[in-house]
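Structures for review follow.
In what follows, chain A forms one complex with chain B and a second complex with chain C.
Let's turn to the complex of A and B:
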């Protein structure tokens, strides 16, 4: 399930991006600020950002779509990222991923029906020595296993 | 028909550079190229083609395809030849076994995600991927089909043909994206895309619109127009065709090629739309035109094009086109199709009869700024040599006549001072009364490129034109003046430059008359010209105006670009003089990157003026009163020339209403739709006994005509056009005239039916006569044009290959002349009944009265004229976006839909005049420029009110037009 995409007004968007307009290379900080405000980069923000920065809609879209971290729709309350890079795969990452996805009943990139968890792939968290690695709401977890991840998600839900 | 042999049309891979010579060897061959040149281009110069996909010489090197790798002695690895600059003594090997192996591997990967449908592909024979696969010797693809973008069935098919067999009509591959057919002229087929980014870079570097991007990353990367949810039509795309031109595969492909097949021959010719005068290759099969492709050696456009020239040529084969001559006794009758002979005899009898009854001066001609120099020359010759009077005028009357007068008075020549290449050296552009992105799109792209490089822009216009702000372009200053106050603003700019001491004293002392300058300086220094004094009148903030003046005077090379927003005013000529004053004050004349540059509306406005279309001037801007000038033509033509100037268009119409002007031959112009105060034009035409319209279509003027002579399109005739930079470009016949005769032949037939005794067999003979009689064209011959492509006049003994820059060492008239520019308000004033000011203009996809573009798919972008109005003015009147509104002035009224936009200043409304259904010129008045009678289209006091639909006048007009266009079937 996906959460409804927020529909901010042009004025709302302008207010969020205004503090960043004088920065050098303002586009990425603005996209982060927009995502912080609405949990995603809504389509409505693209033309407003383009106008403010003297860019075209296409250019802004190109940047937004390049970075997987910028979302089209808000994530669930928790974001679980599982590493699928070589070292983690060698240490059983694939089985772990299958177990977690199966238990939550979602595929990659999806959010559970109750809106609690979004599961995303990630390609290396720099934690290869402690593979398989995962990340729960921005916190890295080494030597992850299904039980540990369950516990962390339950802890967050509480 | 002779195919024009195209010199050196190869793709050199990367753009040419300028710099010190560098010598290197490529595969053992020595080659010397300018510093900064890529190894790829150096190889091409040596005649060696390095395989490439992402490189093309219209774009900067990108280095993404890795197909162009080479080995360089003493360097490690295999650098990409496109991104590696040459160095002295470098030894390059383009065909080592190592690079050949790499290239084959790269090609194999590319082809693994490309369908093997070459034989049935629309780019078959015109595909660089195909060529490169051949060049690197790819014989097999070892990869088995996995995830891919090309196979709709998702069944592992290697071609789309096979996919259709395996899964008829089905789509089961989530990566497959369907063809985008939203643009009327070309398609985008993502399944054939190799993501070389050439289209994206062309849209950015060449066109400057930034409508395209690469969406996603890695294997997911796809070319995307606009943002999520957009297709090509809804994106910012302006359909200039640069992406189609850049695409190496069938991904971006003209629909015409898909339908007709790849063309087998091409002829270089000149576009017949705006005054930029782009060179195109007309690509054909037999006499069927397949596509128009911008020619990269064209000196005006340098390989770029716009939606009109590149795609909107379909009008030439539109069913509305009239191919047989027609006559009728009165305009109440339907037309009768007759033979050429009968039509010409009918016309000749009527014209002679009128002259017998009403005198020699009761007939006249209107030449066209859309026809060739040779045709225009013949039409004015018709009136001067055969009719025996000087009653000739041209549509330039209603656009750039003040340019001719103003620049002639100040500098000594009636033309712009620069070539278009000059914009590449410009540091500060002043754009006043022009909207280049719509009116002169190819030039606008060249200007935007310079602006992205850091040049500054000052916009002086009541509207926030597109150039004002857009991707990577933002004007430094916008002076949103009230329509009609140009002179006050320009004089205030001069006031700031003089009073703040920003003028170039050395230049003025050397090139102008110092005493004259002193008097001028005293005039402009008066406090009444200070920006603070004029702010209330012009609506321009004084501080902004001062800042703009300082920037123009001190920011480096300052260039002024202007359009009809300057000329089409009661003080049009004064403003032109004011702009010339500014250039002389600041020394911005006589070198690259500066100057005063009129942006001409139509393809041959410059040429039609040069060719003696005006009633007081013989070809070359020489007054008819001059006996020595008349003598030249009297000798050449064997007739006596009337020493009295003839009638201008408005005078002809007035005289017609009075009953003293009875016959008119009007070639390629629709005065009823394009001239101001439609009702007055209609009354004038209706009062004449013989109106001969020579045109492609039954235009609005033809509703009042007695003789219709079918015209030929620019594809069907030989001749020359002269663009806004005085460049004489060849127009070449690519197919036989569908109406039977080229336009110059029709004029000759008419002249001979009246006893003219002309015997031209080719336009080159007409050009020879022009050269023999007109000093600024003395050196122009068709042979020279074949040899050098094009020349800018003056072209004579002193300048054998033309003159790109004027006034380099001194002004043509000797000393530059400062003229006083006192602001005088127009008589057209707002008041309680008509509180708003209307200004008119045009948009990108339509051209002038729309006779051509309305008969193409361009109407998808603009199918009706709308009234642009500021939200404040709209709200006061209870008007919402899309409502029908009535637009009324003292002259008349019409109705159209409203578009609410903040581009407009409050108090000012705007519309276009592309559609006869709207007839914006019913509203415009007959006020005109004091010097040249150029109509004041740009200022009309109006009122806007809600309405239910078209006015009674519009409905009545529609009915009259329909009645007037009836054609009886030809007699058996």
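Let's turn to the complex of A and C:
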């Protein structure tokens, strides 16, 4: 079950983007603000942002779709990011990812059926001297193993 | 009693928060008056969380600490005792110029920063003309620490002499190279150092606005940098009248959005402007037409963070370290499968083998070292046969590698080199901005070709070699242009894993 895509009103969206309109190069800060508010960049936001910045909807959509961070639908209740980069591979990161994905029954970028966990790949958290690295809802984990990640996800779910 | 527990995210990832909580609880239970301060990391990641306790004015280390060690650390009886931190071999052997304060001070304390030499470089720069500032950087021999190694002073000179009503200093804090964490470490451990470096750059080239384009993968660094900028602004280090000089410089953090290619400077500038992070053709150079079409200095975090010490101690002091045309110090980041991983700042010139075996202590698994990837995901794999190569720009280039971001990722003998070569192509395919064909299509074909090789088609090796040549020569930026480095170096070092031995045996 994926969380339903939020349907903010035009006024809701205008309120969120307003503080950023006078910044230089406002689009990325705006998209981050929108995602912080609704957990994703809802389709409804694209024309509102485009109008506010005097861009075409295609241009805004092009930016949203370019960056890995921006979602079309909200993630699960928890986001588990597993590092796939070389330093983590050197310490068994690949086997760890396979074990975690297998146990949760998802592929990269997918959310578990109960909507609890979204697993995403990340290419380097800067924790390369204590690999393999992971992040559970913004909390960093070094020398990660499947048991510790399970415990952290369970802790967050409680 | 003063105690330090690092707030660096590597320390946190290894349990620093829990250790800090345990120390506080234990001290309260015993009625001890302790002040728990949060520093950055010293860079000895294998000892994290590294607790430091002040005893007679000297900081003694305990690590790697666990919450259960709290009681023994407070009574001074812990078996994790390491002695005075500054005397540890790892610390004593370093030349800490850029990272002198990292792990020592509390990152968000401007008083602590000033007490350890901070702002003296900026004060000196405020007495100098723009030309003198740029000359000082040129004389230091500082080269871009992000990978390309371009002389920083020359870049600044181009921006200084460009005519425009507005110029920018952009700090590239989006170099998400695996095996490198120096940027993150200094932003979390000594953020004012980067601020000071950017302010000096602003004075040197006549820019009043700076941006730190920071990866979204570093939430702790984003928080520390943002708070440090607010503190610096409130204290008059940034703003319309820096340190009462009448000169202006201000800056802000811009958060990236998970695109690796935005570590490439022109793609970063597009992203900063709110566009897709697509690479721009050069010329025009960003120094002439950069952010918002204006002359822009784009420097890596470590390049800018090395500027304050150059102005504090003088260009010659900095240039006196190093070898050949690689002047000053370089923060080596030793990572991956390594017994003692961490950051070690030293003059250029240390042989690769000394770094891997002497500093790193070999692999964490205790197995033989098979290969070291130097410089990040776009760096070459080097084997033990090349361990006498000195760590320098020209020296590594001569060995078929590159300094890159000075990260070294160590692999033991279980590493699957064909798999790693395939990963390099896959990563390039995922992260390609799509602007140029050799990278966009080449990386996908590279994955397919490596799969053919893995399936036993050794005739595909020639195709792979040809493809890599096309990517090297035809790509617009370093992503497509350097992906062949890990691929071809893996093939050169371990041809038997790419099926050439199988062919010979048949």
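The definition used in the following text is that the second predicted complex is superposed on the first by the 157 of 158 C-alpha atoms of A that agree within 3 Å, B and C clash if a C-alpha of one lies under 4 Å from a C-alpha of the other, contacts with A are read in each partner's own complex, and residues count from 1 in each chain.
By definition in this document, contacts are C-beta pairs under 8 Å (C-beta built on N, C-alpha and C of every residue); 3 or more make two chains touch, one makes a residue touch a chain.
Just so it is clear, the structure is predicted and the values come from calculations on it, not from any experiment.
Engineer: Under the stated touch criterion, which partner chain does A:54 make contact with: chain B (first), chain C (second), both, or neither?
Structural biologist: First partner only, chain B.
Engineer: Among the partners chain B and chain C, which is in contact with a greater number of residues of chain A?
Structural biologist: Touching more residues of chain A than the other partner does is C.
Engineer: Examine A:70 and indicate which partner it touches, taking first as chain B and second as chain C; both and neither are also allowed.
Structural biologist: After superposing on A, A:70 lies in contact with chain C but is clear of chain B.
Engineer: In the overlaid three-chain picture, which partner chain does A:136 touch, first (chain B) or second (chain C), both, or neither?
Structural biologist: A:136 sits against neither chain B nor chain C.
Engineer: Applying the touch criterion given at the start, work out whether A:62 contacts chain B, chain C, both or neither, answering first, second, both or neither.
Structural biologist: Both partners.
Engineer: May I ask you to decide whether A:46 touches chain B, chain C, both, or neither, giving the answer as first, second, both or neither?
Structural biologist: After superposing on A, A:46 lies in contact with chain B but is clear of chain C.
Engineer: Between chain B and chain C, whom does A:91 touch in the aligned arrangement: first, second, both, or neither?
Structural biologist: Only chain C is touched by A:91; chain B is not.
Engineer: Does any part of chain A touch chain B in one structure and chain C in the other, and if so which residues?
Structural biologist: 62, 66, 68
Engineer: Help me check something: in the complex, which residues belonging to chain A touch chain C?
Structural biologist: Counting only chain A, the residues touching chain C are 24-29, 31-32, 53, 62-63, 66-70, 83-91, 122-131, 133, 138-143.
Engineer: Taking the complex as given, what residues does chain A use to touch chain B?
Structural biologist: Listed in rising order, the residues of chain A that touch chain B are 43, 46-47, 50, 54-62, 65-66, 68, 72.
Engineer: Name, in rising order, each residue of chain C that touches chain A in their complex.
Structural biologist: 9-10, 12-14, 45-46, 48, 176-181, 183-185, 209, 216-221, 254-260, 271-278, 291-292, 333-338, 341-343, 364, 373, 377, 407, 409-412, 415, 420, 423, 427, 431, 433
Engineer: In their complex, what parts of chain B are in touch with chain A?
Structural biologist: Spelled out, the residues of chain B in touch with chain A are 209-217, 224-230, 235-236, 469-474.
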